[in-house]
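Multiple structures follow.
First chain A sits with chain B, and in the next complex the same chain sits with chain C.
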Partner chain A sequence: MKDSHTIWILATLLGSLGLWLMLPRGGRRGRLAGAALAVVALGLAASQTPRLGTWTAEGIFAALALVTVVAAAAAVTCRNPVYCAIWFGLTLLGTAGLFLLVGAQFLAAATVVVYAGAILVTFLFVLMLAQPEGKAAYDRASWEAMLSAVTGVVLIGVLSITVGGALTAPPPEAAPSAAAVQAGVLRPQHVAALGTELFGRHLIAIQIAGTLLLTALVGAAVIIAQGKNTKTDSINSKELKTDEE
Partner chain B sequence: MLSTLIVALIKIVLALAGLMTAAAYLVLVERRFAAWVQDRRGPNRVGVPLTRIRLFGLGQPIADGVKFIFKAEFTPGHVDKLMFFVAPLTIFIAAAAVFAVIPFGSVLPQDFLPAGWGVSEPIRLVAAPGIDVGMIYVFAVGSIAVYGVVLGGWASNNKYSFLGGLRSGAQLISYELPLGLGILGVVLWTGSLRLDAIIARQAVGGAWNCVLQPLGFLIFAVAACAEATRLPFDLPETEQELVGGYHTEYSGIKLMMYLVAEFLHMITASFLIVILFLGGWHFWGITGSGEAVTWPVALLRVAVLLAKVLGVILFFMLARWSWPRFRFDQLMALGWKVLIPLGLVNVVVVAAWAEFGPALAARWGISDPLGLGLAGGAALLLCWLVVAASDPTRVDNSPRRRVVTPDQDVEEIFN
Partner chain C sequence: MNFPELIQSVFDDTLGPGQSLSLFRPELTLCATMIAILLARMILPRWKTSGFYLVLLGLTLALAFVFPWRWFAEGALPGQEIFTGLLAADRFSVALRGLLLLFTLLFVTFTQIAGRWAPEDGAEFFVLLLGAVLGMCLMVSANHVIVVLLGMEMASLPCYVLAGWQRDRRVSSEAALKYAVFGAAAAGILLFGMSLLAGALGSVHLPTMGRRLAELLQAGVDPAQLTALILGGLMVTVGVAFKLAAFPFHFWIPDVFEGATAEVAAFISVASKAAALGLLVRLAGAFVGVPDARQFLVVLVSLLAAVTCTFGNLAAYGQNNLKRLLAYSTIAHAGYMMMPVAAMIALAGGQGSPDAPLSEAQKAVAALLVYLGIYLFMNLAAFAGVAFMRNVAHSEDLRDYAGLVHSSPGFTVCMAIVMFSLLGIPPLSGFTAKWTIFLALVSAKLWTLLAIGVLNTVLSLFYYLRVVKVMTLDAPPADRAAPRIPLTSAAGAYFAMLTVPVVALFFLWGGLSRWADAAAQALFFTTFGP
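Take a look at the complex of A and B:
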């Protein structure tokens, strides 16, 4: 086993333990210790990431990555659902920034439009409508804290060891050349190329996804229509009864 | 590299300073305009301080700004302190960040820069010229602005603010769809998401998109007005129902951020309407259409663009004092039952013309834009007839149960 693998495994374990300690589980014990562990893990992981070359690129990447990771941790450890949603939004913005950094302009903008702009606002809407006073106990503690932490361990561990291992020692043929990057995501007609790819090679997948979303929409409309009918019926029947009496 | 950075910084500073000044003076314009519509005089006294010089009230925006900044800023005890602070900041930053991709002119000749800087192309008058997804960026940053309103309403911990925040959430999400559909027609016709490419297409063709796609123009203008929460659509802050809506609890500089952001939204909407549908910096005969420009032409293009934007802003202001506010169900019905179907019709017409149009135009012996204009006009007429005949926004507000009126005989009801 290589040194970097050991460090990655250590970082993953420490990070997951810290996250588990930070998750809201009723009492407040161990949250600070958890945060400290998570910071140590973050430092360990950062020591294993490859350098980017110039200090500007390095600094921008570090800032964006820090925002993304810290906001993601806060999104799962916060007690107030509205704050969780906002931290999640910050995670999405950080992710969009990272996409922008590697030249994927469309992906960055689409992430913000779809997730931060539409889906998350709907979350907020529901959260606010469901509990205007925001004091429901079942929303302020995490469910199955241990299970989620273990899932996190497995996912983060496997991902970071494969991706991290590939990054620290890139095989010469696997790394995309600068020319390939220039021809791919960095070229001016990037969006047109993306559209051709999506609606050419992946047309069937796009159509299936669209149909799935349409099904959900029709389902929502059906549920609303049923609710309306029963309400009107009950009012009508009451009215009829009053008239008969 | 360094020269690019310096040029970009100068552009950002110019754009931001210009925007802030414009927002301040547009408040004065709005107040004077309102006074004109309502046959009053409006603010005309504040001029140079400590003198009696009035200058037609041109000192008013400065006085307003000073007042906002130095006024006691009161934070109520029942608010969520952090979000109460973050919300106005969010909406303000989002409203200002949109202008990174919005061109405020065409290009400037590079000949005034020192030759050693190595700037070989004309300078584009947009803060971030290289963004290929300009239109989607506008959408993305614009959708962040919803957070400012929704969170401000929630953090205020006040029923009126909360209702305002909820209303705005529903309204802004609903009207983003027709807004997108209106843009889609333009993007299809241009074949690019870049705002400067959209202007260039209109300038080269000589036909503005508002003539080619009148249906899309109307839909976009209405939806942009709703996104800017201007008066027929200002349900998030209805004074008569919700005190001040989402900013009821705000005061001082935070309130100023909300108000300035609102004006910036209106300025953005006007810029987008001009750029997407009214030809941008192009005007027949005087601005030309190419990239290589002389100084007079370059400045003339800026002037034409800004004049058009001012015209659209004045139209928004006139609309504010001309139409009463919608009821909430009317607002939703207009968005979902009228604008979205019409937007789909517009997209279908433009897409069909993009696919089959050139062949048809060649057979009939007309130009491509003329054909699209005819098709768009026919679609507009047809849609208007259908909407006028079916009246989808009308709702039945008659009471569901029989109401006892005073003159009804009580005996008659109870028997």
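Take a look at the complex of A and C:
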């Protein structure tokens, strides 16, 4: 237990250092060294994850996990925002694969459809529309590189230690019984069960989400209408002295 | 379950013995009003002012639905779960939703008098406003993690847009962007914490989560799981503290208030805080039955309250922009209002029932409701004063208030009353509010918090008095005409009307207190374990 904690903390430290070196900060120095450190951290972390049993499960998990993690690191370290978006898409596909591996077909499909399909394409559209005349300087360097690298990796470390610890020794009361698992997620029709749950017990939540989207739509319309009616819209803009900064 | 069965179960729940829909009428009315405004704008393009009257009608109807006085009669509406446990319908939620809708009614009138919203923008403004109020109503009756999250998102999202309403001002866009980015981060952390808690406790229904926690702690919990629970609890606290503008997560308030119009600032300052406090009571109320969780929460909420209050009052000193000053005053008041919640958590050991005499913990909740009822009027009045001055003097700088007493004596007197009430001087209702929360702290034996609260009242004396001093004693600037707001104008009359309850509630506080007691009595504290 103690050893595993030490290794996790070491992996966290190495990972944050590596990520910090890899983030685009102007110069090109140290990116290879950063990548090497990150690989070592990844190896240390991998040595502490519980084994899955069969070799096929282990192999598929390792491949998917590697794709996800490497693509995630690339998504934050690339200089070109378009490449970042595409790496991010690969991360999402890897995540969807991991969901599929643990039997959450619905989540896997939703991740591909909603994130990789819709949100990523929106990202790419925005990037292409926003930068018709080339990339801006502020897109090429990362802000607060040290702070963000440390925060991200520390969060991952703490969660890995906590959740990993909870997973290796599940308390008997919290874990659902085998019969419950069989009737729940392992049931072939569990997506239908999810639908029944969503539109039966949680119907009002779906309705509320619909109203939330309506409000968001109106808000977006307000923002988009920018500049169309500045003449009538000047509540006090030209009059406030505090504006002339 | 096949499709007809599903439909049948939905019918049974909403229209059958559950009666969920009839208790949900205020929210449905708000929804219908939102759609009616959008449609009216589309169908009747020439009827430019339709939005305002539709909103007035919708809000009045919603208030009538939420506020049947019979529910405050003895034993009525003892508290029940509606919509298969997703929402709680009790007198606490009735009271808070009533306060929110009453505030919105006053607020809409205020925007009509003070803000010169362009007619074609009016409709969107009202739709966003009603959306936010709907979210806040859901927050205060949340009984389920999903509703907590959806309600908070729904209350915040329109506020982001409203903060950036003056699109041709850079400060305003900056405020909206800051608010949206920090708000999204806070919501993400809240969601993360909630999934940790839900995963560790195996439920997303708040009372069930409380019961599971009690069972888990009694059976013995291993350290890793305890860490996950504490981490989840802290992350949820971050999300709620952001909405409350409690100390380490307060930083957005001054910038947002400076960038947004005084009207929007008033809305965020009163409605958003009231809803966040209601949510805090709900979340804390689910876990106060567990002794260990209670000790953890008391320390957490007391610490946040003490630091928030002190920070807000100290930071208000250097402010020359009146909106920024009121922003820090809002932070300080959020601190005061968290104090009765700390007292409630500390006292909630014994169980109550809807018919039993008021327990001490319920009295603490009643103190919070009294404070909110008074805070509504005085803070709305303060921001209304700023907005009316802005319309006349085109400035929110404290220097431009100099010598106001010579040109608009009535307005100055009202403004002084509001400032003294925010401070908490005896013949004004602000004193009643502070007195009730300090009494709650006494009965909870939270002496340190009480000392900090009293000390803070003294601290706040100087900056509230500074506003009054500038208005009355300083010489008016000679280089321009003095701003005039006669009490006979619409703005002056509205402002005077708001100061009436600020004074009157001091003398009539018996009624307010009885109302708050009745509302708090429905809150049901069960106790688990030894």
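Criterion: the second predicted complex is superposed on the first by the 191 of 245 C-alpha atoms of A that agree within 3 Å, B and C clash if a C-alpha of one lies under 4 Å from a C-alpha of the other, contacts with A are read in each partner's own complex, and residues count from 1 in each chain.
Heads up, the rule we're going with is that a residue touches a chain if its C-beta (ideal position, glycine included) is under 8 Å from a C-beta of that chain, and two chains touch if they have at least 3 such contacts.
All values derive from a computational prediction rather than experimental measurement.
In the overlay built on the shared chain, the residue A:43 is in contact with neither chain B nor chain C. By the touch criterion defined above, A:109 reaches chain B but does not reach chain C. When both complexes are overlaid on chain A, the residue A:59 reaches neither chain B nor chain C. When the two complexes are superposed, the chain touching more residues of chain A, out of chain B and chain C, is C.
Using the contact criterion defined above for the overlaid structures, shared-chain residue A:121 touches chain B, although it does not reach chain C.
In the superposition on chain A, A:199 makes contact with chain C only, while chain B stays out of contact range.
Taken together, the two complexes place residues 232, 235, 239, 242 of chain A in contact with chain B and also with chain C. Residues 83, 86, 131-133, 136-137, 139-144, 146-147, 150-151, 154, 162, 165-166, 169-170, 172-173, 176, 191, 193, 400-402 of chain B are the ones touching chain A in the complex.
Residues of chain C that touch chain A in their complex: 1, 6, 9-10, 20, 24, 31, 34, 38, 83-87, 115-121, 124, 127-128, 131-132, 134-135, 138, 144, 146-147, 150-151, 153-154, 157-158, 160-161, 164-171, 200-202, 215-216, 219, 221-225, 227-228, 231, 258, 261, 321, 390-391, 394-397.
Taken in their complex, chain A has these residues touching chain B: 82-83, 86, 89, 96, 105-106, 108-110, 112-113, 116-118, 121-122, 124-125, 128-129, 132, 188-192, 232, 235, 238-239, 242.
The residues of chain A lying in touch with chain C in their complex are 158, 161-166, 169, 171, 173-174, 176, 196, 199-205, 208-209, 211-212, 214-216, 218-219, 221-223, 226-227, 229-230, 232-237, 239-243, 245.
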